[in-house]
């Protein structure tokens, strides 16, 4: 178990508690192999999030659909792929032996096998030969009420008739796709493996909108807070949202390139009809990216408001102090004068001296107040 | 009704009240289908802004023009298109059944049908086959006296002889175009469907200038306010304008790419003569973009002035406090000295002591004032 | 008279008074036609700066030069162009009828005719067919002692043997070119219309250097002021210069693209020999651009110095207050103690009490001063 | 010994002491030749970090591996290269004579020979002829507990069957590669010299992750410190991390270009199979770059939190002062009033005057406290 | 003598005095011709830095070298170029007649002749015909102890067998090149005119490293100052370094493009072998650029540290004031109470009242101190 495993496990453990999570654990879950090890070694760098690996085996064409579920690899491979599209849906990446065997049976390049298990990668597209494409995606989830985006790596291995998907944990993002395969409604069953891959990518891009909505609501609340009742926690909350936007940006930005490459570059794996749909997913990604950037601008603006609000309040504090102090300090001096014990102070004997002093002092105080009012401090 | 519908409805409702509107409602009115649903499902994600869908059917060539108006789709399709150009002008997007039927009759790609109803998209251009172009535009309006830009999505579906336009609400932006068709003045009637599409795009780009003018007047007023009488509301107003500029930028930036693509890429739908006019619209868009960026720079500068103005005023407050306090504190000490009750204080008995003390104190005060004047604080 | 005309007139009127001018009037003098009007309508959006339109008609080749001046169009067109190069130099754009007639006679595209009269455009180059180029330039002038750059739009319409130039107001920038035509010195007379266009562009680019010099002197003065005697006006002056640099940048940046296009793109209108000269003008434009960017960086730095200078001065104010207050407050307390009227205060009766108290108080004051000196506050 | 040697020696000497190191020593260890000297002169600009140069000579194919170690060049060259791949691994660059002889024997271009010894270069790739590639890499190490990244230059000279690597000091980064050659496990022995070069590059890129982890832990600690207990040292620590991220960025950014060139450009030295692996190393480099940029954003955010935290604390100090001062200053004035010695002050004789004054003063104090509570200052 | 000459003369005069130099004089030494003059007029816009123009005439091939020195042009041209490479090395640009004659004899394009004398240009490369290249370079020098970079323009005119170099003033940067020609060591004598041009460019790029070293040492000193003893001068010094980095960036950035063009574009003037060396110079330029950008980032960070240091010190001042004031203000109130002259104040008669009051006051002071300690202010 490498240092990364431990870091990953720790960061994963605190993820759902809403606690502050170390930056490094989230940004740096790197390549799985031990440092300096030979490339192609399969190591799992993430957290074992589920107890058993779960395998789902879909095989379908326009009229027929077979579905098998299991938790060991051997049982599933007995099925012979004969229909148009086969989807092997692997959930849980900690059984590296099983991943190795699946990889070898499917003829996956050693580097891809290494990548599947190392869960901190950027979205990317890699072509291997003419008819295999390996796609890494980042699935993001932000439960309402939580502050921290949970990231999960999803890998797709796509050949002309075959899709293998690798997920870290059980999630409901792919459930609608599974249901559409079972129902046979829509065009999913009538199209090829490339359309299935598109459907999975689209499901993930769709999930980004949910995260954006949660972040947006959070920012709206923060904006309200900054304007009405900022306290010392506010700046930390602004900073935390900023960091989540950085995480989101890191996840989405490379996806744009991936989808652009899928739309533009000719490849045997992806048909022209599917490209039209991928273009649509690309548009959505650009829209997400765009919104992330706008939210970043908005959050920066929040920081400005916060700082100016702090300045304003210090200004107000200063004004109160200044008004009170400058009004009473001269008066205190005056009463001090007539508290002196000089033998020869003629004023002390004048019988109207005391009331006159009050009049004078009230005049001074009134003059001060007028001065402050003219300055606009009252 | 999905979560987006609700958000859209709420955000739409507050739009015209001038209230602060949630960020998220404006940035994130996303694709219409329920999350995970099959692509091509038509859902309307916006607010039902008008009671009934309104359809206008123009058919014209250089000499003849037919115009029909109605609110049901069936009645209009009875007209047979025979003249050069046909324009179906649809206002109101909430009747998804009608949109579906129009889409199917016109042979519109399922993804386009989905896009028409989902009103939070970026400006974009998509070609379908050789002879169909789908264009999404963002219409912006900013009523004078309001702070918030209202956005509306306008879709154009263009084939060599056919234009279908989809608008969310009744607006007067296209009225001059309709009038020019009816009048037959200018070159609109003598040119094809592509020129009609240009005329509609040009009308929208023109409307941006009005928004810019309103924003510019607002910024001028803000500038005046920042320089002469900034208060705590000022920074929020600056921030609000900043946000509107972000909204504007998001709307215009992709339009530039759309128009650039229309000018550069060869397409059967758009003739070379019309390209010259589109180049003109492109220039206007660049000019709008340019102005938005410049206004953003100017607004950033306003923030600087505001902050330095706040600093300056705190400085002034501090100076008043300092002058008063440092002038009277030593004097108060002095009068305190002669208020002491020591039995042996020879000064108390001297007959010129009291007037001398006044002289001394006036000298101290005068010295202080000279010091402050030399410091430049008076 | 559209809304723009009024805005333009107002903004123009205050231009030469050195008053603050509305942002919007300067950034947004847009396309001339009324909103929604058909393209090609000629409207003048600027200010009528001169009373009568002035026309100058130069016709020359290497040996002969004809020059006519007038203020009506008809009189001039009687001259038949027979020599190599013809230059029609139009000053004043408010006679839209005359502009329309000139445009029609010269076969100018309707969009160009519209552009000539609308004076708020970006620099641009548009080719119409093979042998006509339309160029928009921004002439900038900044009179010494003024703070605000005055902009003027100059349009050139260039065909292989013909140059028409349109200016808003009489200026001396083109005078040296006119003189060189009359003198026949240099290579101007021996080259074609494209070289004449180059000479006019070069004259405008040259004028940018003058504006930069004025701005630079202004910035030097500001720098001096920020460092030695910043006051509340300083930040506004910095901000004003920043805005002028934005205006300059907006004017020069697109010119770079125009000149780059003229140097790179093959065109029948511009010969290879003239391209060498245009490359030179391009270099100058890049140099101007570069200097504008550097000045922007310098002005941003000025803002930093200003803010730190304000901070420093508040620091100094605080120090004075703190030194005086903390030195006298304990002493005032002490003298207060011996001003109390308790019957049993043995110190009051001691004969050396009063002088001892003075010694103690001087010691306290001295200790305080030593403390402040050690802190480096004195 | 040039000026650079001295600077390098000094900066190297302090490197491992954790002391602040001069910026210039780290950024500017430039080309080795004396200024103005002829190109191709071999000079060592770094620090002599080890006593003797150490040479390792590996020669291997799929079945056989020869390894020799020595510290003089002559002894090693007696071995005749006969197997598939030969790796000459040079540690220590101060013996310029030996480097010259190695360079001449291997037919290395004079400019490369100059580059090998000058240790402050950017990562770069240079092709010499068809079959020689020279690669400069930056190895980074950050010992835990240290603040300063130590940089080391590694050069690779690659021909179809030959790899020469030059390192400044003995390090353990290449040890796993050496071990894999000795063991014969994995595919290293079965592939060519280009794969060996990839393995060395991969080892260096792997080492970046370790540096990032250390930096990340440091930033996590800093974040904790900024939020809970910032002091005057905090800002310096933030600044120091910022600088290390700049150093890292400078090292990694050009490496991205190097690897991109190796993946894209056809070259006889690098086979198509190895390109797949280099693409993987490229992905890792992009990931490192990405993380560095994100960390930079995070560190910038830390600065904001720090500044707002300082502001908040000044605010708090001001509040305490203001509360105490504004509460007691009016009371002190009041008691001063009744300390006056006027002969005619009727209140002094009233028997309930003293307790009433206490009631009044408590009421004033209570009112002040209520005021502060309403302001939210308590 | 144009306005530029005067500005140039003034700015040059103060250059070596270490005085603040006007921004504009340094950024804007523009094209030499009077505004509006015909292109091709030779005017010198710089300062006459040396008394007489100095000409050096080198002619060499692998075996022979002729060298002549003089200060008039006619004497030199009597030499007939017969050997491989001829280098005319002109120092001093104020003799515009001589420059014109040299230009005409060498067949230099009029625009180049104009450029040679105008000394404020950006680095650029211009090809004239197939076999002439004109290169402008900026030589930078920063004497140790000085704050201001001195710029000098160096022009190279390169044909296949001929190099003419134009310098403003006598400098030692080219001396090593001259010495290498005389010595015949290295490869300079054996290669063509293009290699000589490379050697001159390399000498200039080398000189940038010296400037960077001086700037770096300056920044190191500034960093030390900011951290330990910042005063009001510090921010100006930071700003001054920032400005020098801007000047450096302006000089180096275009040189990168020049060298890139020389490496990439095929040209008869530059052989493939020399391109390899130019690539090396290009790498150095990129390294310089890179370092300049990093230094800019570092200097920006210095500003942050400075501002936070100022904030911290104001905080400290405030704390001292607050501690003293809040501790004594309540005590002063208390002693004021017992200084009142009410007839009925029972406490005044109690014999233990005075010592008890002291105990109470000490307790209050102690409590305050404990409070401050808990706040962390002590």
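Note that the chains are named A, B, C, D and E in the order they appear, and that numbering of residues resets to 1 at the start of each chain.
What we mean here is this: a contact is a pair of C-beta atoms (placed from the backbone, for glycine too) under 8 Å apart; a residue touches a chain by one contact, two chains touch by 3 or more.
Just so we're clear, the structure is a prediction, and the values are computed from it rather than from any experiment.
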In contact with chain C and with chain E at once: which chains are those? Just list them. none
Take the average of all CA coordinates in chain B, do the same for chain E, and state the distance between these two points in whole angstrom. 43
List the centre-to-centre spacing of chain D and chain E in whole Å, with centres computed as mean CA coordinates. 26
Of all the residues in chain B, which ones touch at least 2 other chains? 307, 311, 314, 318, 321, 325, 329, 332, 336, 339-341, 345
Beginning at chain A with chain D second, the chains that make up the ring follow as A, D, E, C, B
Over in the complex, which chain B residues touch chain C? Could you list them? 173, 175-177, 180, 185-188, 202-203, 206-207, 209-210, 212-213, 216-217, 219-220, 223, 227, 276-277, 279-280, 283-284, 286-287, 290-291, 294-295, 297-298, 301, 304-305, 307-309, 311-312, 314-315, 318-319, 321-322, 325-326, 329-330, 332-333, 336-337, 339-345, 375, 377
Show me the residue ranges of chain C that touch chain B in the complex, using the header's touch definition. 3, 7, 22-24, 27-28, 30-31, 35-40, 109, 111, 121-122, 124, 126, 128, 232, 235-236, 239, 242-243, 246, 250, 303, 306-307, 310-311, 313-314, 316-318, 320-321, 324-325, 328-329, 331-332, 335-336, 338-341, 345, 347-349, 351, 353-354, 357
